[in-house]
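Below you'll find a set of structures to go through.
Each of the next two complexes has chain A plus one more chain, namely chain B in the first and chain C in the second.
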Partner chain A sequence: MVQHVVHPKRQFLFIAFGGILLLLLPLVLNDHLMTVAITGFMWAYLCVCWNLVFGFAGQFSLGHMLFWGVGAYTSTVLFINFGITPWIGIFVGGLVAAGFAFLISIIILRYRIKGVYFALMTLAFAEVVLGLAMNWDYIRGPAGILLLLKNSPANMFFIERYPYYYIMLGLLVMGLWITFLIKKKKIGYYLIALREDEEAAEVSGVPTSRYKILIMVISAFMTALAGTFYAQFFLYISPEIMFGFGSQMTMLIGTMVGGAGTLAGPVLGSLVFSFLGELLRSLPIVHSREIVTAERMVWSLILILVIFYLPGGLITWIGKIKNRFKRSQIIMKKEV
Partner chain B sequence: MVEVTLNALINGFLYGSIWGVIALGFTLIFGVMDFVNFAQGFFVLVPAYVSFLLFTSWGIDPYVSLILVIPLSFILGLLVYKCVGARLLDEPHSAHIIVTLGLCFFIENSILLLAGGDLRSAVTSYTSESIRLGPLIISYPRLWASLIAWVCVIGLFLFLKHTNLGKSMRAAADNREGAKIVGIYVDRVYLIAFGLSFMIAGMTGAVMIPFYLMNPFTGMDFLGKAFAAVIIGGLGSIPGAILGGLIIGVVESIAGVFLKSSLGNALTFFIVILVLIFKPSGLFGE
Partner chain C sequence: MGKMKKRTNAGLTLLIALCIGFNFMGSLAAKAQAANEVVVAALLPLTGTVASWGIRNDRGMRYVFDMINAQGGVKSLGGAKIKYAVSDTESKPEVAQSQAEKVVSGDISCVFGCNQSPATLVVSQVTERKKVALICVSDFDPLITERGFQYMFRTTPIMKDLAKTVLVFAQAMNKANGTNFKKVGVLCEDSIVGDSAAKALEKYTKDIGYTLIDVVKYNASTTKDLTGVLSRYKAQGVELIVGHNKPADAIQIVRNCKEIDYNPVMIGGVSGGWVAAEFLKNLGSLAEGISIASTETPDVKIGKFAELKKEYETKYSEEMPSTFVGGASGAWLLYRALERCASKDPKVIAQTLRTLEVKYGDGYYFQQFGCKFDEKGDNQNASATVFQVQAGVKHNVFPPEYATQKPVWPKPKFK
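Entry: the complex of A and B
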């Protein structure tokens, strides 16, 4: 019996190499590709956040755009109306979103809302907030808030792109690290038990309610950070962008295509889409509006096909390739 | 003020019957085969676009185009069942939602690519005609749309109550295994249920196009309305869907008079949350 465990030293080297590569990437990318990389990382990070709730705990939230939007609006309103720097606002936004998540989770648990009703409930909350945001003049209603482009690092505005790149990379690494910790620790096993069979988990002594609330709050906090980042980077937020269904759809597609409930799956899925989109855009055939539409058509087709034919997501392919590689190594060793 | 309120009520009732009948398609599929179809809104939109296309290119009246739209949407339903629905029956609800959302996204963007994002509506000779009853003004095409919606409702009710196929549909809804044992071709029943649901949706789309402005993103609004109506009335309940639709129509219409009309949607979903909290089985569910 030959056991193949990746050597911890080799794993460390691999991660260190990848990290240095990512840190040095801004040196070779031009402005456009930097934007692509930053946006790609942002979606990957959002997928990582959503994956915590759906992939690990099996809670099918369709209202994550609520947390995203709350993060963006909190920090932006704090900055514009009170002059509080977004460096603080980003965490205030996270806390507000976590508060929302806590409230929603409490209601959902208190009234035993499950399955499809859970999805519809989270969606309904997001829709209510969208409707209110559209009519709230204090945050300028449907017109949205436009931020001015200036260079003031103290307020998280930069002319150059590389600071944004490093902030987003930092967030993504943090998200992956949190996912890794959750997966390794007791909470990960609890969550997976909860996902697989809630009643059985409860009977075996898993405090399901507490962990459901906890994972939702963590995920909401993390999602809100990306919301603030979006506002600081794109300098424009509106209820349609922040509370519309679009961002939720992107999280869902990236996570499901990459592989829900895995560490690298969501990142893989969303990066594949960023890459595909960039590839489509570089084709000199049609103009950009049509490209965006065609890109989304391709995304949704891939989503459906992956769900039908590759339920574990693209990440299972990587596993298979790895296995085949290992197997051939074993065979070679035997032959020797 | 009384007149305005009365007019809003009537308008709300007319729209409400339309939302109700869209929700009916949703609830039929859910009730019969436990399938959550998030693409329902787009199966209102696609036939509406077909009807619009027929009107602008050959001047075929939207009501006449029903002759073509009804079988077309029925076939569309069969196709969607064969390609998507049948594979998902034994999967959890989240898989239904994910795949049908993918379908939504696909159709939305196909329409966007083919027809563009402009708001469209078939402006016929009777689009702005209305019947005046004293102080009441009833829009003519809306009245027709809501009448056709009620014909659908009654037709479906009679179909489920009195035909063999309808009875076997109810049997399959009650107990899938049991229905199989007594010799009902459950798969075929499901197929017909899908077709019927899409036929109803398509019919609604075609009769709405004379007065309702649609663009590719309207499908999501229809979906929102359908699902709100279904939750308020009770998932899987046919009278519940109609009642839910009527409640939404009236609430939004009254909100348009007394508050801002754009608050209507938020109010609807607020009601959805309240219903989910206090009576999750819906007002008409068991």
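Entry: the complex of A and C
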């Protein structure tokens, strides 16, 4: 058996090249493509956040939009009503969301809620907050909050798109870095043990409850940061957008299609959906409802195919191709 | 190392190809401008929760632009054709923003959108930055025109105007018939527009001097039955039920009233689902005597309205909705602006729109009562009318100058 080890220098060069490319990308992108890239990175980041809870710890949360919305509303309310810059608000939002995650986790653990009931419980919490937000005049109920279009870097408002691009790219890199660290450290092994067999993990001495809470809190904090970013970028938030189920679906599909429990899988899945969706929209054909419906059908088909043939996500497919390529290289070397 | 270089090159080539592909649409738009065409884009929800409105809006614009092109295009621009393209916002504001960035990156003359207030709020920031006029023909959220934007134009009346109209109608009916029904129950969905409607209905109920029994806002996505609220209103003696609701909810309200044998003096719908094509289709005779405040004038005798209505109903086998009328009116307004300014420049078009006046019934402009924008970009001539369903047909009943039938008061009991 031939063992193939990725050359660290090659890996470093690949990452460095990718990094430089991403840093220089705004030079060639117009506003529209910048928005596509920013939105794509945002969804990818959210998938990375959700992946921590589902992919690593096996906790099927359906209420992550709650943390996203809490982040957005906290920083926005702090800015509008108290003049606190969103640069600070973003972290306050993260802390508030982490607090919510802690409370929810405590309640869930107290009543030993697991599996499908865990999913339903998290969804129920998000629905409760949606209902409250819809009827709370302090945050302008369903009308939502509109931020004014202006250039004020001190308050995270930019007329140009590129500052948003770098902020979102930074968040995504940070999300991946945290995931990488978690994966490599003791916490990662504990979480995987928890995901694979909770009882066995407990018997082996893994403090499962503590790690469930910890990963939920970390994930919620990170998710909330994207909420603030959404508010600052789109300049409009409403309960329906922030606490509605749509964002949760995007996190779920991106992660599942890309590959849950992996580092790059959620990013891959999410970007495939974002960029190919945009590419389809850009086809030089007359846009009609039928075409749009056909697009949706294509997406659904991709999802079904991935679930059937690549249960580990697209990332496993890339892995297979990579392995095949390496094998052919080795054979070629032997022949030579 | 050589192989890695090859892979790197391949990746770079793919990226450049993608960028070229994405920019292809922009260059197409530029070519269209060069070929004596005026490029106009609409950002509408063709899929998603509010798709039914966007689709009808699109039909209206497409109809008028096709008509103009068939009749020789924009004469002041040497017969330039109007190249109209619609992009789907998927009923999502973030997609709307992305689509807006795309359309304004080309040589665009004007944008229409978005038949969904949150999407319009987001898109207007893009068009404002690019100094391209955004014409909104169907969104009611007051915030849309309250930001001091120079390139935002709204032709439709806002929710408070519609809410006021339905209550003023009740007041006029009380006066004309010597009745004194004044116990009002408000029942609205909890959307942005529903919330605006509830607040306006509450305000005008008090201003007119009626008795407000309660204001109920329900979750439109989870509430499937309104018997509970309606039973309470029946017990509290509510005489006038008013609200803004989605199509399914408007239908449900009427059905629930029938089920609990509750016959209020007036069921007053405020646009939204009450004017949807499916409302009358689903309810049939149950819709008799229901009063609806709308931008729609079902049988007004003005200009080519009757001809347009007949054509629409033959083609699509449904009633001509206000969203279609809005689309057609917006398209006609732009045509008038183009004829007047003789320019494809978006700034010149926006400047022209600021001073343009289009009369009610001029060409295909059927949003009452004509259009003239104020300094905020709202249509100062915009107003609502009330129509009633009588013998299965919608008739204008208020204000009297546009009434085609005498209003029924009180609403007949359910059979």
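Here, the second predicted complex is superposed on the first by the 318 of 336 C-alpha atoms of A that agree within 3 Å, B and C clash if a C-alpha of one lies under 4 Å from a C-alpha of the other, contacts with A are read in each partner's own complex, and residues count from 1 in each chain.
One rule holds for everything that comes next: a residue touches a chain if its C-beta (ideal position, glycine included) is under 8 Å from a C-beta of that chain, and two chains touch if they have at least 3 such contacts.
Note that the structure is predicted; figures quoted are calculated from it, not measured.
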Practice problem: Would you mind checking whether chain B and chain C clash or fit side by side on chain A after the superposition? | Solution: clash
Quiz item: Looking at the overlay, what does A:125 touch: chain B (first), chain C (second), both, or neither?
Solution: first
Exercise. Quick one: classify A:203 as touching chain B (first), chain C (second), both or neither.
Key: neither
Exercise. Scan A:154 for contacts with chain B and chain C and give back first, second, both or neither.
Key: neither
Exercise. Tell me which partner A:111 touches in the superposition: chain B (first), chain C (second), both or neither.
Key: first
Exercise. Would you check which partner chain A:17 touches, where first means chain B only, second means chain C only, and both and neither mean what they say?
Key: second
Quiz item: In the superposed arrangement, does A:134 touch chain B (first), chain C (second), both or neither?
Solution: both
Quiz prompt | Which superposed partner A:296 touches (first chain B, second chain C, both, neither) | solution = both
Quiz item: Should A:236 be classified as contacting the first partner (chain B), the second (chain C), both, or neither?
Solution: second
Quiz item: When the two structures are overlaid on chain A, which partner does A:304 contact: first (chain B), second (chain C), both, or neither?
Solution: first
Exercise. Go through chain A and flag every residue that touches chain B in one model and chain C in the other.
Key: 131, 134-135, 142, 293, 296
Exercise. Could you please specify the touching residues of chain A with respect to chain B in the complex?
Key: 54, 60, 62, 107, 111-113, 115-117, 119-121, 124-125, 127-128, 130-132, 134-135, 142, 245, 249, 252-253, 256, 290, 293-294, 296-297, 299-301, 303-304, 307-308
Self-check item: Contacting residues of chain B [partner chain A, same complex]
Solution: 36, 84, 87, 92-95, 97-99, 101-106, 108-110, 112-113, 220, 224, 227-228, 231, 235, 260, 262-267, 269-270, 272-273, 276-278, 280
Practice problem: Quick one: which bits of chain C touch chain A in the complex? Just the residue numbers, please. | Solution: 4, 8, 12, 15, 18-19, 21-26, 28, 46-47, 51, 55, 85-88, 90, 92-94, 97-99, 101-102, 104-105, 118, 121-122, 125, 128-129, 141, 143, 147, 190-192, 194-196, 217, 219
Quiz item: Contact residues on chain A for chain C in the complex?
Solution: 10, 13-14, 17, 21, 28-36, 39, 131, 134-135, 141-144, 146, 148-149, 159, 230, 234-236, 238, 240-241, 246, 275, 278-279, 281-282, 284, 286-289, 292-293, 296
